[in-house]
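One chain, chain A, appears in both complexes that follow, with chain B as partner in the first and chain C in the second.
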Partner chain A sequence: MKKILPVEELARDSRFVRARIEDAISDPRQAKVSERNTGSARLEPARPAAADRARQLMHGIFVGEIQALEGAGRTTFDFDDDEIPFQLKLDMARQCWDESRHCEISVKLSEHMGSEIGEFTEATFLYEAACAPDALLRLTGVNRALEGLAIDVFNTMKEFGDVSGDPVLAACEDWMLADEVTHVKMGSDWLRRLTENDPERRERALEFQRTVDKLFSLGGFRGETDENPIQLARKFREMAGFSTEEIDDLSEVATEAQEEARAAADALHGVASGD
Partner chain B sequence: MARVQVTPETFTLVDYDAGAIAGLTEELAAKTGFPDDVDITVEIDEELPLPLTGATADVVDGRAALWFSGANFEDGRYRTHFDEPVARTELAIGLLRAADRLGPGFADAPVDEQLSDAHRHAWEVWAEGRVARLGEHTRRVRRLYHFRLYNGFTDVADAAFERLWSADALAWSDIEAICAECAASDPRPALKKKGPIRRETLKAASG
Partner chain C sequence: MTASGAPRPAFAPWDRRELPGLFGVVESARRVGNYKWIEMRLFEALGGWVATVPELDVKFVLGRQCYHHAWHAELWNKRLPELREMNTERLTEPPNEEMVKFVDAVRDPEAPELTIEKLVGVYRVLIPRKVAAYTFHMNATSRITDAPTIRSLGFILQDEMEDWREGEMLLQSLIQTPEEVERASRRQQALEDLIRSAGGITGPGTLGNPEGQADEAAEGVSVG
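Now for the complex of A and B:
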């Protein structure tokens, strides 16, 4: 079996259509939409098109779970025992079991909301950003950045389930959220253990995480203001081993990502309108 | 002048064809029994991508005025591409609701942007149920989810959905009564009304 599987070789059936993140960014409609003040971006029933936004996000969670399963699964196989402790591989194997369960739950939640597998596109940047060839970077990419994003997304969806009175959505998201906290905690613990005597390596890993976290902030998709649909889940991140300073840092990274995306959109819009 | 007018005549942001949409509207008007002597305008806001869906169906100066977000016709798998089965459903729902407004039973119904979310979604359930019986593509579970979101995740709301989906004839007062029944069993605090997404409405709201 091949080690370090490139994203192009991920197995998908004909229902899945891949989208490039660049296509979304360069879509001129995005700039037009951002000119409309439709109020708070928080996911709640009063938000315009709330139901279809929630359905699309749920489909995004589903494909994200597939990629998280693939990321954790690759980590059990891509590295030899002299590269990472066997116990870490066991943790990743346990995580695979959780992620496969999450895939099934996400499919059922999508059906509950009236969506079909493949109704929306799949962006594979989660897998691409998380599957670094260096074991420590892999751990920070998958277990701290990707799973950290999962904490934020699940908490947002759980809150949407609570406020909309949807007991199925709220309960399922709460269960998956508990798993994600464990996955991030495993990443935080292993990062500390593997770099116990190598602060420079730890710093490099955290810098890599910062880069991935900026990417995963998706130009303002995640943050701590009313402009961000996905809210940073501080309480659950603390439970997962993030320090307050790390969460503050992540909040800053998210703000930077939002400002950079806004500047890029303005530039693009300026070019398009001939300004 | 043609009975069906589609705006814009040329789409620049999405791969939609105004002539094809006009043709679909004519075909579906005949299929849904929309009155022959009533003009139809179809306005599509091509600036709105998925998932920013939205639609209104009103009667203005004796003609059916249908407004759709471009997202309502967009293929979720291929950005900016037209999804004909979905567009047919959306157009048929709009035509049926506009036809409802032409009859005496819906004379008291507020214009679409003033409808409560609960009423609006209940009316759309009834329309999509009728579209299903015409043999068109429909999305029943999606419609149920939308209905539950604004009428409650309760057994009463689910039973109301079944009645609306299968009803042949209803009046505005029936929609009001069904929504009142759902509201009485809904344990949630009253929801805020969904915000507007249409450019003109947002401009008017901002003064």
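Now for the complex of A and C:
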């Protein structure tokens, strides 16, 4: 088995349909969608499409968990004993078990919510960050950026379970949220330990994290206003080792991503209407 | 109730533990180093394979069991300094080159259609060999002097037996045609031959040496 498995070789059964996130974002129909004013973008049960959106989000969580499982697994294998510390390999193996449980929970929750594997597409950007050749980039890109996003997503879903009267959803999301805080903390701790005497390397890793964070703010997907379906979970991020300054920075990144998406949508609208 | 101050034997009548075991500190440490090495190679392989198997149930089991073997490696890593090996990396090694060839062969399959070959290597060859080596160690070492190793062996063997059963059930559900039976058999035979050459998880003498047991016991007395 070779080291570093490219994203194209991720093994899936016939139910999975792969999609590129760039295609979804640049889909010209998005311009029409963005014209609609449907009020708050938050995931709230009163919205007519809330159940569909929750199912879609759940499917997104499921495929994200598979890729997180695969990424953690590859980190145990891709690096020799002299390349990363023994204890880091153990942590990644532990994360493998956690992500495996999250996959199982997600499959059962999807069924509980009336969805099924393959109902929505799978984008592979999580694994792409998880197979970076430098282990430190994996820790910042996956454990801090993407698992950080998972904190935000799980907290949002947990709140949705609470307000929509679904205790099964709320309880399961809360369990997964606890694991994600652990994973992000793991990433924060290893970032500090591996770059203790190398501030330049730390800065490069954090820059990669910012890039991933921006990508995963997904044009307004995450933020702190009513326009963002996924809300930044400040309290849990602090528990996971993020400083207030880092969370403020992330909030700014999310705002920037949203403004850029709005400008892109305006441009697309201009093209579509011939202006 | 006994009278106050009345002497009782140090060992209850049903406590039949004896001194010494078949091997002493040095031999025990050597074996523990081999155990840590094989557990590491195994958890790495299971972790690496997760992305290469399309079957969801297999994918999730590999992810779960990856951690089991990592935890075993961690237990052995903690035991080594207690056996006077302060540089734990020094003894974290295979028993011989043949074992390296065996492990390389076990970890070799990558393609998504090779799930049977991956699982046969782990569940029909490697884990049974580990169960045998661990059981021998538990039965052969002193239950008094080497009790910390035995405690870890107990936890680990419980994992190994459960994981073995789960893996075997996955295999039985995957092997559906005569051709797949043939594939599984061929794979098992090739790997058995390699680990036979290696002599087992800790090399020749993994399961003891009937002719040499008296010598090993003597070493246990002198070292232990």
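Basically, the second predicted complex is superposed on the first by the 274 of 275 C-alpha atoms of A that agree within 3 Å, B and C clash if a C-alpha of one lies under 4 Å from a C-alpha of the other, contacts with A are read in each partner's own complex, and residues count from 1 in each chain.
Please note the rule applied: a contact is a pair of C-beta atoms (placed from the backbone, for glycine too) under 8 Å apart; a residue touches a chain by one contact, two chains touch by 3 or more.
Computed from a predicted model, the values in this text were never measured in an experiment.
> Please tell me, clash or fit, for chain B and chain C sharing chain A in the overlay.
fit
> Just checking: does A:D27 make contact with chain B only, chain C only, both, or neither of them? Give me first, second, both or neither.
Only chain B; A:D27 stays clear of chain C.
> A:S115 contacts which: chain B (first), chain C (second), both, neither?
Touch status of A:S115: first partner only.
> If we overlay the two complexes on their shared chain A, which of chain B and chain C does A:E256 touch? Say first, second, both or neither.
neither
> Given the touch rule stated above, what does A:E83 touch, chain B (first), chain C (second), both, or neither?
After superposition on chain A, A:E83 lies in contact with neither partner.
> Is A:R53 touching the first partner chain B, the second partner chain C, both, or neither of them?
It touches chain B, and chain C stays clear.
> Applying the document's definition of touch, where does A:E99 land relative to chain B and chain C: first, second, both, or neither?
After superposing on A, A:E99 lies in contact with chain C but is clear of chain B.
> Just to confirm the geometry: in the superposition, how small does the C-alpha gap between chain B and chain C get, in angstrom?
18
> Quick one: which bits of chain C touch chain A in the complex? Just the residue numbers, please.
40, 43-56, 59-64, 66-71, 73-74, 77, 89, 92, 107-110, 112
> What residues on chain A touch chain B, complex-wise?
Interface residues on the chain A side: 17, 19, 23-24, 27-30, 32-33, 36-39, 44-53, 55-56, 111-115, 118-121, 164-168.
> Sort out for me which residues of chain B touch chain A in the complex.
Those residues of chain B that touch chain A are 13-14, 46-54, 69-71, 76-80, 117, 139-146, 148-150, 152-153, 186-188, 191-197, 199, 202, 206.
> Chain C touches which residues of chain A in the complex?
Listed in rising order, the residues of chain A that touch chain C are 1-2, 5, 9-13, 66, 69-70, 72-78, 81, 86, 89-90, 92-94, 96-97, 99-101, 103-104, 107, 117, 127.
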